[in-house]
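This report concerns only the one structure given below.
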């Protein structure tokens, strides 16, 4: 394993400490619950917005804590939902008269931890609501799973509810907005290489030199199928077709287009995918109103990318345009 | 080679086209010279700031074209300085009565291309000055090379002159500021893996499973020495020691601290390095006034990182704080 | 089963989970995300950290406290699932100071029901239930921990032919066939370890 | 050497550079950044794209135009270095329609001086000069292109023992010893190819 890591067991806390040291004025770190929170929260005039999920997806979610985004994140270990205790304590610490919105990516472990944590916090008088994100089209709806997974599209849900809550929206309004954004957001990912969890020390799966995992999950879960490595344009087309046909997005739609890097892929390659997706959408009569090309939701050091579309209307577009701040910044 | 790439020969132009498509309102793309420029430049009341350099270091420099940063970038192919023609044509297109500032990372090829391009542009009446960036402490000063290489520290030079030029500074003033920032900026990098240039299709060098290249160049040039892979804290210490002792930075200094990812390393690991560097600087009486943890100057998909320090004074800190915009953005 | 014996069983589970971190993690990485061994090991380490302070009033209380530590400290799917199992087993034990085999079977049934409710899962979904239920059935039928452990092992091996319908592996559908379920195999390994320590500590409850 | 012959030599250089893209690139990746083959190949491709439109008034003009295309279109160190070499050689040729071996040697000397000036480099720095200068010396001494090509090859091989003092390889200091210089080896390969086509086109100028 070639990584910048000390003891794998301290990987997450050390990362969190680093984030806190780099943002002393804006963020607070509570080691007992892996908690990164805005230093100026809770605020009694604002709903608190919290997300948990496993670690290893950075910048999601600990690095998008900030004004106009999350008010707190309490991640679990790498790829493991946080223990319910973290959720419970975080909800209590972020308690606001306007309530606490708990964003949950749709995985069994995350849902259980947040359901249990919410029950406990409610017993202590904290008003909580859960909003589930499930944008991954790789998982065909099925009786068997908890349904589609929550992946990079959660950025848009966070951005929209974060912006609305800054403008004073109440908990019900945030639930409405969050569900609305989630409902028009779809993502599909592809892996070129496997990721290496620090505690495991070796790649999570094996991919041949000319193989890709189409529809991979952000925890390295196998996807729809193994395919042969093809040219970037073909991969962009395949991702786009899977996403466009799912909602579906139609000619005349205006969308946000995100190309998200999975951790090991340089931004130059993301723009190669972006170019093709943008051109192909245009050819289908779908207009890109806003573009996102960066890492948003990674899978450790996995080389790969995901493509997300959000169907825009005036309300969503205005919320996505609203100012926001976070620890992942350039300047 | 597992990359999102079509024809390696079109890697750079396709990436540039992607950048232009993603930023239609703010950027202009001139394919003939690999040129990405601000749509609102040139401006007769502002010095134009241009950087060239090879590609493969994204977001440097094509993705930091924007208000308060570069006005244009004309990269060469992957790891190859731009042909002098690109420099010449770019200088002409960006011609302003206040002059054109050409930022050059200190490599033989870049210097020759810019020297020749500048001469040709001057013959056409364009007023140009060259500012050379050379922050890499891995290269011990020597009679033989052109001296220290320009690496991730060029971000700070760009940021400072970009901010000053927005405030109306003239060419001489920008030269003064740029040289001043360059003089107090030092960087040291380390590679965990080799990068794979698209046209080569295989890793540029071989590193054993437990080897690191200490002092690697951003073009994959070998560094000071091969070392054994050690814990993240030890690597952070080694990078920091090389940088601190070079200027040197002293107790009482206030600095900007950058941990720059080289392309294949996830941001979680960068924060592990950041944590240690910040703590160790504090223990030496050196205060981190501003922090930067992200990818700024990469080497394609190389796993690795570099550490940069800038000694701050009021003037530099104010310029680094000034607002700026660019294609690499989160929101 | 006395409180000392309950303690020993829990301790054995904890030690075995910690000792098998890598093995369990590798099993989870075939069609899962590879963290099952890590989650379990870290959680049981936390349990051992506060081991001496656990309330030992009776077996039921001890198991409930164990379950609460696990549920609140282990992340991933396993925290809620395993925590619920221990809490429910403790609840079924009530305040009894000695537990008969019948009572132990009832506790295991309560744990199974808890897992089903928490995980919205059932036998046949390719989860730890597919080893835990056969283990319980065999213990009820034979009153023999060794036979029960063998049944768990056989059932865990058999999960290899199943398609996952719950948990992360379920996303892969047909591709989950061909490898055993990590949770089921963990149950088998734990059952075997418990059966090994059992006779040396006296065969009856 | 007639304008046709000059054309043929340049064409041979272009074809050989394009054909050896991978080999030259691999040489540059040992202690450089691996792009030498790519830069040269793309540059000479550009030259061939505008091949028919190059001014063929005389050998000197043709070489100058060639140099200008290379200098303005090849990136990296090689564009300015190779462009300068062709431009200087063209300048030394003047307006002559037939070039003697003496004149060819003078053109090569001009190219060498141009490279030295542009690269602030000299023989012994482990660059292409370490093959180009022995080639020129041998051509002057023997008037035999085959002998000159052999001298270039020998000199290129010998760069393996040298420590780089210019170019990207120089950053590595002592570590640059043990591998040949990519630019020097390219000169040797080009010289050999030129010597191969030479006799079939008539041995004299």
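Order as written gives the chain letters A, B, C and D; numbering starts at 1 within each chain.
Rule of thumb we're sticking to: a contact is a pair of C-beta atoms (placed from the backbone, for glycine too) under 8 Å apart; a residue touches a chain by one contact, two chains touch by 3 or more.
Just so you know, these numbers come straight off a predicted model, no measurement behind them.
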- [ ] Enter the minimum step count from chain A to chain D; a value of 1 means the two chains touch.
- [x] 2
Task: Graph separation of chain B and chain D (steps between touching chains) - done: 1
Open item on the list: On a CA-centroid basis, which chain has its centre farthest from chain B's?
Closed with: C
Task: chain A and chain B: spacing of chain centres that average the CA atoms, whole Å - done: 29
Task: Rounded Å distance, chain B centre to chain C centre (Cα mean) - done: 54
- [ ] Express in whole angstrom the distance between the two chain centres, defined as the mean CA positions of chain C and chain D.
- [x] 74
Task: chain A and chain C: spacing of chain centres that average the CA atoms, whole Å - done: 32
- [ ] Indicate the residues of chain B shared as contacts by at least two other chains.
- [x] none
Task: In chain C, residues with contacts to at least two other chains - done: none
Task: Graph class of chain-chain contacts, one of line, ring, star, complete, other - done: line
TODO: Identify every two-chain combination in which the chains touch.
DONE: A-B, A-C, B-D
Task: chain B contact footprint on chain D (complex, rising order) - done: 25-26, 29-35, 38-39, 42, 71-81, 118-119, 125, 164-173, 175
TODO: Would you tell me which residues of chain B are touching chain A in their complex?
DONE: 2-6, 11, 14-15, 17-19, 21-23, 55-56, 58-59, 63-64, 159, 192-193, 209, 212, 229, 231-233, 235-236, 263-275, 278-279, 288, 291, 293-296, 298, 300-301, 303, 305, 320, 323-324, 326, 328-331
Task: chain D partner contacts - residues on chain B that touch it in the complex - done: 9, 54, 76-86, 88, 107-109, 112-113, 116, 138-139, 142-145, 149, 197, 199-200, 204-205, 217, 219-222
